[in-house]
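For reference, the structures are reproduced in the following blocks.
Same chain, two partners: chain A is paired with chain B first, then with chain C.
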Partner chain A sequence: MKRKFKQFTEKLIEGLLLISGSLTSITVLLIVIFLFKEGLGLFTTSPMENKNVIVVNKLNPVEHLTAGQIKKIFDQEITNWKDLGGKNDTILLFTINDLSNYFSEEEIGENFEYLPEKLNSIVDSIPNLLAVYTDKYLVKELKGKIVKVDKNNIPDFILGREWFPTAEPAVQLGVLPLILGTLLVSIFAILFALPIGIATSIYMAEVANERVRKILKPIIELLAGIPSVVYGFFGLIVIVPLIHDTFNLPVGETALAGSIVLAIMALPTIITVSEDAIRNTPRSMKEASLALGANRWQTIHRVVLPYSMSGITAAAILGIGRAIGETMAVLMVTGNAAVMPHSLLQPVRTIPATIAAELGEAPQGGVHYQALFALGCILFILTLLINIWVEYVSSKQKFKK
Partner chain B sequence: MNKIESKNVHLYYGDFHALKGISMSIQENTVTALIGPSGCGKSTYLRLFNRMNDLIDNVRIEGDILLDGRDIYKKNIGMRIDELRKKVGMVFQKPNPFPKTIFENVAYGLRVNGIDHRSFIEERVETSLRQAALWEEVKDKLKKSAFELSGGQQQRLCIARALAIEPSVLLMDEPASALDPISTSKIEELIYELKTKYTIIIVTHNMQQAGRVSDRTAFFYLGDLIEYDDTPVIFTNPKDIRTQSYVTGRFG
Partner chain C sequence: MTKQTKEYIAFWIFRILSFIVLAILIWILYFIFVRGWHMLSWDFLTKMPEDGMTKGGIYPAIIGTLYLVAGSMLFAFPIGVLAGIYIHEYTNDSKFKRFMKLMTNNLAGIPSIVFGLFGMSLFVKTLNFGDSILAGSLTLGLLALPVVIRVTEEALIAVDDSFRHGSLALGASKLITIRKVVLPIAMPNILTGLILSIGRVSGETAPILFTVAAYFLPKLPTSIFDQVMALPYHLYVISTSGTKVQESRDMAYGTALVLVLFVLILNLLANALRRYLGNKVKMN
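After this line comes the complex of A and B, so read on.
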């Protein structure tokens, strides 16, 4: 009876462990699937918001336009049909706002009932017109021609340099500045954090005596537990003004500020993980080195560090992971300008900061909303790539030894 | 002249009195075996000769240890620690090669002592590996990781590594205890050959091994040196009853 019960509990525990294990895996999988489903949906939709259509004269040879071209036309950077593959003629832009220049209120009708016909006639009569209006004003026998707008596509999304997700009439979804911003901030964060982190971990594992270590260790662990908003405040109040004054900049909210804050945030992880790795170096190996006449620093440099290299690499991965995905603190100190970064002393915007700042205002299911999910996918792929890369590097290193 | 001399040496790990006034002299080009039951202080004593105990917190050492007539513990007037460790090599109980290539393992001691000359290092690596009877087995894979060797090969690599900086004294702490019988007999042969050039002190739990390889044997018991004499005397005609019962296997 007792044995039966024991067997039963063992089976039960085994089952529970199995369930929780598979549940976790399934959850992770579902999150990834959800992310990609929402994100990839973007590439089946058009960048035209609010069901806008572009209508031109029937004789106009231009068949389709990209979102980028539409923006340039509206910004008057493109003013001639020639630049779009058409005839040499200036582009006459027409939107609903220009209506009163062409027709009186009576002609349109009290409830805009004559508007579709009027729009139809204006498209028919002016050969160099480019009209933008919503598709509910389209008539059955269209005398003009609808210009197709290219769907959102992956190359334009990744290589595009303009991020205006709410622009009218066509949204601009180029995320290159955001990707580069993320990489810039994270890479410099790691460049700042790694040397300091490794130095600290060497100090704690090999140099400091037990008493100093007992004080330092909890402080560093405490550092890991501080919420990122607090780091953001710290950055905003201390680092941003410091950068502003030191470099004499118009604004202190820069990529540099983000990197420094991220570096501080990544330090505890880097220190704890690499300290453990360094501490794991067998005592016998250190003794062998010392017995051969090496001093303490030679021993650290030639034996301890090579031995703990894979652990230190793991620390670096975790640090980068933390830096790339970090949202709040970066949002607070980098200035959030979605422009191509040219220097560290310039405001930038990262992918997570963009998602956090804009998801609230993006209508669910809309182009903007989907674009943010696609950004999430990029972030996911980015971290995955970094992991694979570092894994590859560290495995190569092991082989070399 | 005595190669090594220890005069009334005491060692304390904190409050624990681990060595209780050890005096003994060791002649050049001899093999001395340290035997005794576990925990009696053999390793502690051995590690005094290259100051390995300095690494441990709360260790206190009293008395004098002389190498070639010079005190190795006295600051200022004594021998510097890096000089000492160049003269006194050590082989540990478990093979502990570095995570480096076979070549770099042997070259390590030269490099940390500031020798960069390539052909000199290559020559010395080969000589040391030959001395350790390992050259024929590894000459084609010097660039391979030392971890790819068997345990016995690793231990001979560690011996080669110690020999590369041309010490005059070799300390060995149970160098064959983690090895199979064939590797063990190889190490024993090696010790016999190395004796012509080196002064060797070896800790061992294996009575036959002590009998085979050593000229002199010291029996330790609870931190005391009980008896120190020519090896045949210790094994056939010891003066102390505790030595006798230990070497005949009645305790320890």
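After this line comes the complex of A and C, so read on.
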């Protein structure tokens, strides 16, 4: 009996262990489900905000418009129906704000009760009109024609250059500036961090004596432990003014500031991973090189570094991964302008910073909310690719052994 | 150039670049200590923020962070250690083991803001916890989970197989071997890792932005369904988006100093523990 009970508890505990062990996989799966459920929902919705519809005259041949075209019409970059595949006629834009130019208050009625009919009548009478109003003012027997607005789609989302997620009447969801901003800041961060990081790891693994190593090791651990907001704060107070003064810029909050802060933050990752790789070089290989009369630098240069190259590459990629996902520090120092980046000395905005800055204001389930989740999906895919790349690169080293 | 000169030059370059890393750390610490030191007082640590967060203290933020750390560790520590034990001691099948390791690595590589999105979507909205300590702690706990698992695994790898074989040869079951032999030896390293992951959790901002953190809430939470202020979010708010950024600069320096001190103390504690417990185990 006692033995049975014991066996039972053992099985129970093993089950518990299995559940705990599977929890990471379950979490990854749940993250994918929740992220993509909201994020992909974006591509089934229309970019029109607040249930706005576009109504034109029945004889107008234009059947559908894209969000980008609507924005251009409102910005008066497109002023002729010809550009939209219609007749050669100027576009007369009509929104609810223009109401008083057409009707008096009595005609609309105190509670806008006659408004739907009035809207219906002007759509009917003016052939070159493009009217935008909410669908609650639509009447049953519509004399005009509703122009379909193309749904948000993946190519426009990724290649679009305009990010105005709250624009009226149609939101502009182009994330190219955000993707490029993220990559620009991260890649320059790694370019800054890599020489220092690799030099430090070589120094710690091969050159420094035990005493110096014992000083440097906890310092790097501490550098890794400092919270990202503190780095952001440091960047905001020290590095941003420094850049502002050095380059004589209107604002110091630039991509360069983000790169420098991220470089500092990526250092511990790069140093730890590449130091491990360098230490993994078999002693026999180093000794063979030294026995042939090579000195320590030649051994490092010709034997240790080539051997540990894949580990160092993995360190660099991991560093990029960290930099791409970093949120708070970047949010605080890059100035957050959602424009196509042209230089390092310009404010940029990254994907994580966009999510952090805008999610609080985006109403749940709305287009903006879904767009931010779609950004999360892009971020997730990017980091996943980087993880796979790291696995691949570091598995190559094991193979070589 | 002789090979000796080349070596000399190369090694000096390495030395200088390494000391740049040291210099950067000293620069950051110096800047925060010098500007924040005069803020540090009993009142600063135990008073509510006042006057649009330009005066008073950061008491609710400190308490909030402590709650979140405790909550996330209550979740991540037991599960992480159990998962680590499972992955290292129980999975003989190398494919399954590799899959689990890959998933742990993937989870560790997911950016913290994605955890924030996920936590909000699952805990706050779907499970309807609202912005609460519970939602924030679970989100932070998931973030800390891969760290704890990895630390546990490494600690278990460091335990020599001869201990396991000896125990099994004496007729002990696998579970008893793990409990009585393997875990006691691995514990110092696991605890060290735990302390370091506390440091990581306490400084995370992005995961708590939408799951728990309150902009300004001058009272203490009464249940796990309350919102709290938290130190890192507080630092972010008063240094960027507060109403009086310039006036609250001193408060920001003070908050940054408290955060850094917290991490510094945890690091020192972890190192001390590693040394102390390490010696103790060796003596046995």
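Everything below uses one rule, namely that the second predicted complex is superposed on the first by the 372 of 401 C-alpha atoms of A that agree within 3 Å, B and C clash if a C-alpha of one lies under 4 Å from a C-alpha of the other, contacts with A are read in each partner's own complex, and residues count from 1 in each chain.
Note that in this section a residue touches a chain if its C-beta (ideal position, glycine included) is under 8 Å from a C-beta of that chain, and two chains touch if they have at least 3 such contacts.
Every value quoted in this text rests on a predicted model; they were computed, and no experiment measured them.
**Student:** Here chain A is shared; do chain B and chain C fit on it together or clash?
**Tutor:** Once both complexes are aligned on chain A, chain B and chain C fit side by side.
**Student:** Output check: A:T95 vs chain B and chain C. Expected answer is one of first, second, both, neither. What do you get?
**Tutor:** neither
**Student:** With both structures placed on chain A, which of the two partners, chain B or chain C, ends up touching more residues of chain A?
**Tutor:** Of chain B and chain C, C contacts more residues of chain A.
**Student:** One more residue to check, A:I31. First (chain B), second (chain C), both or neither?
**Tutor:** Second partner only.
**Student:** What is the C-alpha-centre angle with chain A at the apex and chain B, chain C at the ends, nearest 10 degrees?
**Tutor:** After superposition on chain A, the angle is 60 degrees.
**Student:** Name the contact category of A:E210: first (chain B only), second (chain C only), both, or neither.
**Tutor:** Touch partner of A:E210: chain B, not chain C.
**Student:** For A:S121 in the superposed arrangement: first (chain B), second (chain C), both or neither?
**Tutor:** neither
**Student:** Figure out whether A:Y307 sits in contact with chain B (first) or chain C (second), or with both, or with neither.
**Tutor:** first
**Student:** Go through the superposed model and pick first if A:N153 touches only chain B, second if only chain C, both, or neither.
**Tutor:** Touch status of A:N153: no partner.
**Student:** Just chain B (first), just chain C (second), both, or neither: which does A:S289 touch?
**Tutor:** Touch partner of A:S289: chain B, not chain C.
**Student:** Quick one: classify A:S46 as touching chain B (first), chain C (second), both or neither.
**Tutor:** Neither: A:S46 stays clear of chain B and chain C.
**Student:** When the two complexes are placed on top of each other via chain A, what is the minimal CA separation of chain B and chain C in Å?
**Tutor:** Minimum over all C-alpha pairs: 9 Å.
**Student:** Which residues would you name on chain A as touching chain B in one complex and chain C in the other?
**Tutor:** 295, 298
**Student:** Report the residues of chain B in contact with chain A in the complex, numbered from low to high.
**Tutor:** Going through chain B, the ones touching chain A are 50, 52, 55, 57, 82, 85-86, 89-90, 92, 94, 96, 98-101, 108-109, 111-113, 145, 158, 161-162, 165.
**Student:** Quick one: which bits of chain A touch chain B in the complex? Just the residue numbers, please.
**Tutor:** Its residues touching chain B are 209-210, 282, 284-285, 287-295, 298, 302-303, 306-307, 401.
**Student:** Which bits of chain A are touching chain C when the two form their complex?
**Tutor:** 10, 13-14, 16-18, 20-25, 27-28, 30-31, 34-35, 38, 195-196, 199-200, 202-204, 207-208, 215-216, 218-223, 225-234, 236-238, 264, 267, 271, 295-298, 300-301, 321, 324-328, 331-332, 352, 355-356, 359-360, 364, 372-373, 376, 379-380, 383-384, 386-387, 391
**Student:** Would you mind writing out the residues of chain C in touch with chain A in their complex?
**Tutor:** 3-4, 6-7, 10-11, 13-15, 17-18, 20-22, 24-25, 27-28, 31-32, 78-80, 82-83, 85-87, 90-91, 99-100, 102-107, 109-118, 120-122, 125-126, 142, 145-146, 149, 173, 175, 196, 199-200, 202-206, 209-210, 232-233, 235-236, 239-240, 252, 256, 259-260, 263-264, 266-267, 271
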